[in-house]
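Next up, some structures in structure tokens.
Shared between the two complexes below is subunit A, which has subunit B as its partner in the first and subunit C in the second.
Showing the complex of A and B:
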């Protein structure tokens, strides 16, 4: 992947790239690289313990049913079966809104019904088949329209609305509408997309006396410890969660799911360690998804492009339960991305008898951005203003929601300029249309509420004989390269070579408050804490060295492996450690609060070129240029990888990914990796990261912000806008399937422009 | 011994292993659970994703679709069998150089597919690399860097830092 960096894009002052404090370590490969390429990296699924059993979960085949009876006798009697759990014998643990761990009512096809642990996977599967469940099917609602229809069966309580809609308003949207000289009034829909991290959800559970250890694939070892302890009604200190490596999560592994507690209960019941990793089918049913949305959006503008109002009525399909975790804010981007006095959003959450939604990389923003940025493009065309120029005319200089200045008010504008220049937006010459393949280009901007980090976050830094440093954080590396980036920050803050640093991550027993891998927050939360710890440790190392060297501490400097005095005298850290004997130098760095007077955001823009085959309806993304403000870049390869990965997931969301539910039974029809279409290597366009390395020192001392989520946000809208540019078809419903494209392409020109049918 | 078990010998990473297996056991499970070789991953368990790819007589194959006892005569190589002690195989090294992974769960399978390609086609075209990798999913979306890793391993890319000045 190509990363473009110009001297003028490094540092807010735009001066000297030689000042990049991470220049030397940035090119280094990931610390865990050798483990990951050799098969040595141990994931939860790879944990093998003596006497370990294999567990499986029986799931409801019905979208909505009452369990009349369960007979587990035959299953329990099978040789090799050590434990069987269902509502009859499991502890009665509250779960979700008003449900239980093993509920008598199942509310989606895939809901947990029973679980077994046996001495082999095959025996566990056999035991599941031997369980007899009598269901009394109940009427179900599978999409938002039927869930909200009068007389629809209620999944919880009396209505399928999960609480009152969230309403947020500023100014006077009615007046804004009256003042408008042009109005774009459209309905957009987005589909349910599935995370499908390649490592499934799951854990290995081990009890030793009254203490539980979970080797779990989780985005939050501390969160999981807390939630599991709570569910089991045991003190938190009796639970340890370990996540050495994890095979992706993308948001879906940030809460305790039922299987985590089921594994613990099976292990307790059988008095053996239990390995419970979900299979791909279950992974696609019951471990969260990106909520579908319906968004009725109206934007009004003056002839010069000035926005007079933005209003949106949003419905979010949450599925059968509220799984918790990061909230899906579809409404967020409407309030922040553009300067507009009159904004109103109304966001309602709707239950359906389908698997529960959970945060998926930039939850809500991906969906909201598709609608808003499609509408802006339509507005630009209607007003005959260049899409980037239209956005500049409505540039938000401040955080209008919180009425505060941004820490980096200019950075979004810089991403526009950067991406437009690197892409050749203004110079673009359309290839002459020959044959069925048509090319076009599209632009979309975004911002993101996350990326700024916040307390709590603690790290521990220790000088360890014979003169190495050890950095500890409970935070887990979800796969973004947390281990490497934290080590780089620490080495730089101490002023030592990264090779003299060891780092330990992903263990709740380190007893350090740490962020969940969510909100693009890990680096921005922990880097300032690392700076704090490094300052303390350096100070104490220099003090200790001062006593031995008989030099004032101010005259000393910490370097790799040694302390050097102005006078030229030196003390190796090895000698220092020997002199310290059993005394250790260790410090805890704590993340301070963000300034209340300013607002931190991340933002960016992407330009996309597509090729549409008007005979087959196939859309190919040819080229993507992405520019994102993530503050100071600690490791350009890691950032570029996040950009590449976000763009690829954005392409999947835009073109091929959708959970397909049978409209009568509620059964998921494509719960596997053959029929759920993830992007493959052949779908990969040229992706160029037009890097901006803008240290945001107003945000935090390290100047860093997050990049995990932002790159997925604008991709779908940019693709939609490029498709319009190529063939004049405006798309309001993701994903842009080949079928849908063909239908639109074969319609009359008028239909191409204005068709805004509600999806069925 | 249980009557349902068959005695088989499997040759994995140059070592012969005597095993007693149920006939229904697939190679992936035997590698992971009986031999402790957990580098090959179980992701889809039905031949959709390529995370379980191993080399069988030099050919990349999905070990989740193979009955272990069918492969008694074959030389099986897993990710653990690449490189020499203390020294990575050039394909493994190229994945580090190109940052051709994120979470790393698909990585052993990707590497085995590239290894299988380069052993038979030392100078592959991009189209050949893409074809060789078309059966390996990467949810993190590292494909661009995986392609580059394959080019580096094939000697078609110097593997130096691509970051450069944009003179546009």
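Showing the complex of A and C:
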């Protein structure tokens, strides 16, 4: 299979290359690329400190149980064991809504029970096995249906509903229903998916006097510092979080997890640095997941396709705890993607005795989009209107939720045109249907609430001898290429070659407010701040040069390594630095607030072609064309890699990925990469990024928006719609497994060949 | 992983003696299965006996007019890439190529692939003391059994994971064993035997025996073979269901037919008996479809795996059509495949 970005596509539709400030550098390679491919890049797991110990966490084998007793005597007595922690000796730290760091009640199989630090990993593991825990198993509820059944055991308090449902309404949905000439009324379910970033969670903890350093795999060094300081009840300034390189997070690394604080406590207890990285198994039990959903959706429309109402009753499976971080808004997309006067959503959150959910790339939108965009396709078929045409007839020109105009009202429409053209939507000729393999095409659109960026976001830019610039931001590069993109923005804003720029990232000690890498916000937050810093630094460099060159500052221009006057005279930055001596030129750029009067959105569309084997139920995605509005494209390779990664993850969500929980014990059966089936390279189709590259200068001076989350959003619905096109089978439950496909393809007599009606 | 001793004997005799000495000794070949089992504490040998460097354990593929002899140390990659195997035994080459990933196929040996243990997630999880591991209960029967066996062979419902074993069964291979008491040679159908009380493993290999070679008889001229495997992703997945078939036609009539299913039982599952009536008849589409249904007679699917029945039937039809050289007509499962615009 081949995966490609058609070079001719990348700049085709948006801005004129002549006006594109990144035209020359858009294909720049990653700054850290050579370090990564040569193994020099240091990830958290690679940190080695003198005297360092290895830590492991004992986890509950039960989905719900009360701990009567823990005997750690034998474990502590093992030679090489330096610290053992459990509820008996660890500080009593509140955690989650109602829990503790080491709770006497465990609420999912995988919940933290005790931890050890030892000379070696093997000793640590042996010590874990020597800990004796007496549990009293409690009745458990593993899916939403049983959690909500009358008389179900409550996980917290008296009900498994986590608070009241969130209700949002505009207009009069009942009237909208009465006005409808056609109603689509369906129940959709989506499964629990696991993030499986290549690098697992974890950190290395080091105490020096009262100061703690965490080398952590985190999406937010500043957030983690704040949360860990809070949990340990120490001042924030005593905590430093360093994240040099990361192998992905997908949302699951945006909060402090228990292991972060456990590592710190073990290090304090043993007076040694402690290395605590999770293995794949723990990673898949206890560091978050995409919540399962059940969505009862009704959309009403006129015969001409005009939507009269959208209503959705949504239940989301949060698992045993609310882990915090970005919330999952399954309801969001119902209110914004289409122009509709009468919209109502009701989103309830349900506890179950399973690992806690946490933000996962476009949390909620992936799930909501699957339902909404499947329904739109069904509506288009019923009305005999082309699916893209139906969407255009209901195009949302303004942000109906916030009642504001969009900064780029036209971009979604443009992505429709881009994908449709690049895919050949209207020209598509279906192959003749003789053999068992049937092809079909599907379309889905999306929007996303994130990607606009927001304060706080600070960067520091300094001229350093012998004439280089140094850009500093506390923000971390989680693997997306932030380092490279920020450097490109800075070089472009200064007007110098990127090679004369150094960049430092991922260290809370830089004392610069920075965004968590979530909500597709990093670049859109920091790029404007960089422009601010660059403007100040340039001005001061030119002023200093003006004094030396005896030319007016307005007559000077900053170029790579030198300042050039209109008259032709120049001053090298090296000489400038020498003259400055100990004086430095440095400035802090701050992210200003977004305009109140406008709303920023990211959005896009995908077209997919699939091949369905009607005899074996196997589904193959043949090709995907994706177009997303992420504002100005700073680096087309980085954007394309987000698009490809998002599409692949979307294919996994649509076809093969699902956490499987044993229905009796609550044990996760596929917490590994053999049984939890991510798409492989062989499953990856041709992915064409039909880039839009439309600078959104209403949104911010840099014209940039985020691309991290959007590409995963529409993929599942587009695949479902393509499957319908291919074989006439409508799918309401993700993932579309071979088992589920065969059930659908064989119709009622074979019904219920596999139980996938309720998400697990 | 439990700590263990490591031994690297130089020849077979030394190895067999070591195996005979203690029950806690296990042969280590590619290690792709055994090490994973040890990490999961499903296997906890006291001694690992590396057989990979034995001077007299073959890693060669030899072909003559009688057939092929493959040494126990031949890797799946060797099988996959050997042109003579691909020519004489397409099903075997295809099965090897469909297994695991290129990296694993470079490590995995023929001996190991026959003796790998089931992938049942209850079996592989330390949390469950299931019947196959010496417990009293099969957790899969009432648990998550979408990947489990549809034929009932006793307490265990795990499926045999080996693609190559399935192909070798259809090719009527023989397994050559050596034990401290001497050699024996078993038909592959005898070598594999469903686990039962007193012997909770999938083969009749004794603790003091090693597989030394596999012999595949050359099929009568005109025979053709094929291996088809349904997976839930395009690579790196065990078979949901697989079919190995070997067919010889005499003019337009079936002369010989061997068909073995994978992914449906604790051992490779020959269904040749059910197809015996095809011998001597032409292979028409009707007959093929009937045979496919007949092959699954007697299946007792569990709560979540009934989909394997239509899947197996589809693969059987496809395999037979392909071998008979007749165009396979898609048998639509859906009552009517309707479609709207565009």
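Just a few scattered comments:
The definition used in the following text is that the second predicted complex is superposed on the first by the 732 of 760 C-alpha atoms of A that agree within 3 Å, B and C clash if a C-alpha of one lies under 4 Å from a C-alpha of the other, contacts with A are read in each partner's own complex, and residues count from 1 in each chain.
The rule is simple: a contact is a pair of C-beta atoms (placed from the backbone, for glycine too) under 8 Å apart; a residue touches a chain by one contact, two chains touch by 3 or more.
The structure presented is a predicted model; accordingly, all values stated were derived computationally and were not measured.
Under the clash rule set out above, the superposition-derived model of subunit A with subunit B and subunit C shows the two partners fitting side by side. Contacts of A:386 after superposition: subunit C is touched, whereas subunit B is not reached. By the touch criterion defined above, A:45 lies against subunit B but remains apart from subunit C after alignment on the C-alpha atoms of chain A. In the superposition on chain A, contact of A:641 is made with subunit B only, not with subunit C. After overlaying the two complexes on the shared chain, residue contacts for A:679 are found with subunit B and with subunit C alike. In the superposition on chain A, contact of A:667 is made with subunit C only, not with subunit B.
Judged by the touch definition given at the top, the superposed model places A:32 against subunit B, while subunit C stays out of reach. Looking at the shared chain after the overlay, A:479 reaches subunit B, while subunit C stays out of its contact range. Here the vertex is the CA centre of subunit A, and the angle it makes with the centres of subunit B and subunit C is 50 degrees, a multiple of 10.
After overlaying the two complexes on the shared chain, residue contacts for A:248 are found with subunit B alone; subunit C is out of touch. Residue contacts after overlaying the shared chain place A:421 against subunit B, while subunit C stays out of touching range. Taking all C-alpha atoms of subunit B against all those of subunit C in the superposed arrangement, the shortest distance found is 5 Å.
On subunit A, the surface patch touched by subunit B in one complex and by subunit C in the other comprises residues 122, 674, 679-683. Listed in rising order, the residues of subunit B touching subunit A in the complex are 22, 24, 29, 32-33, 36-46, 48-49, 51, 78-80, 82-83, 88, 92-93, 95-97, 99, 101-108, 111, 130, 133-134, 136-148, 161-166, 168.
Interface of subunit A with subunit B (complex): residues 1-7, 27, 29-30, 32-34, 36-43, 45-46, 48, 121-122, 195-200, 245-248, 250, 277, 279-280, 421-422, 424, 478-481, 636-638, 640-642, 644-649, 672-674, 678-684, 687, 690-691. Considering their complex, residues 3, 119, 121-122, 125, 127-128, 139, 142-144, 146, 230-237, 240, 301, 303-307, 310-311, 314-315, 317-318, 328, 330-342 of subunit C touch subunit A.
Of all the residues in subunit A, the ones that touch subunit C in their complex are 61, 109, 122, 380-382, 384-387, 425-426, 428, 433-436, 438, 440, 614-618, 620, 655-656, 660-665, 667, 669-670, 674-675, 677, 679-683, 725, 727-729, 737-739, 742-747, 750, 752-755.
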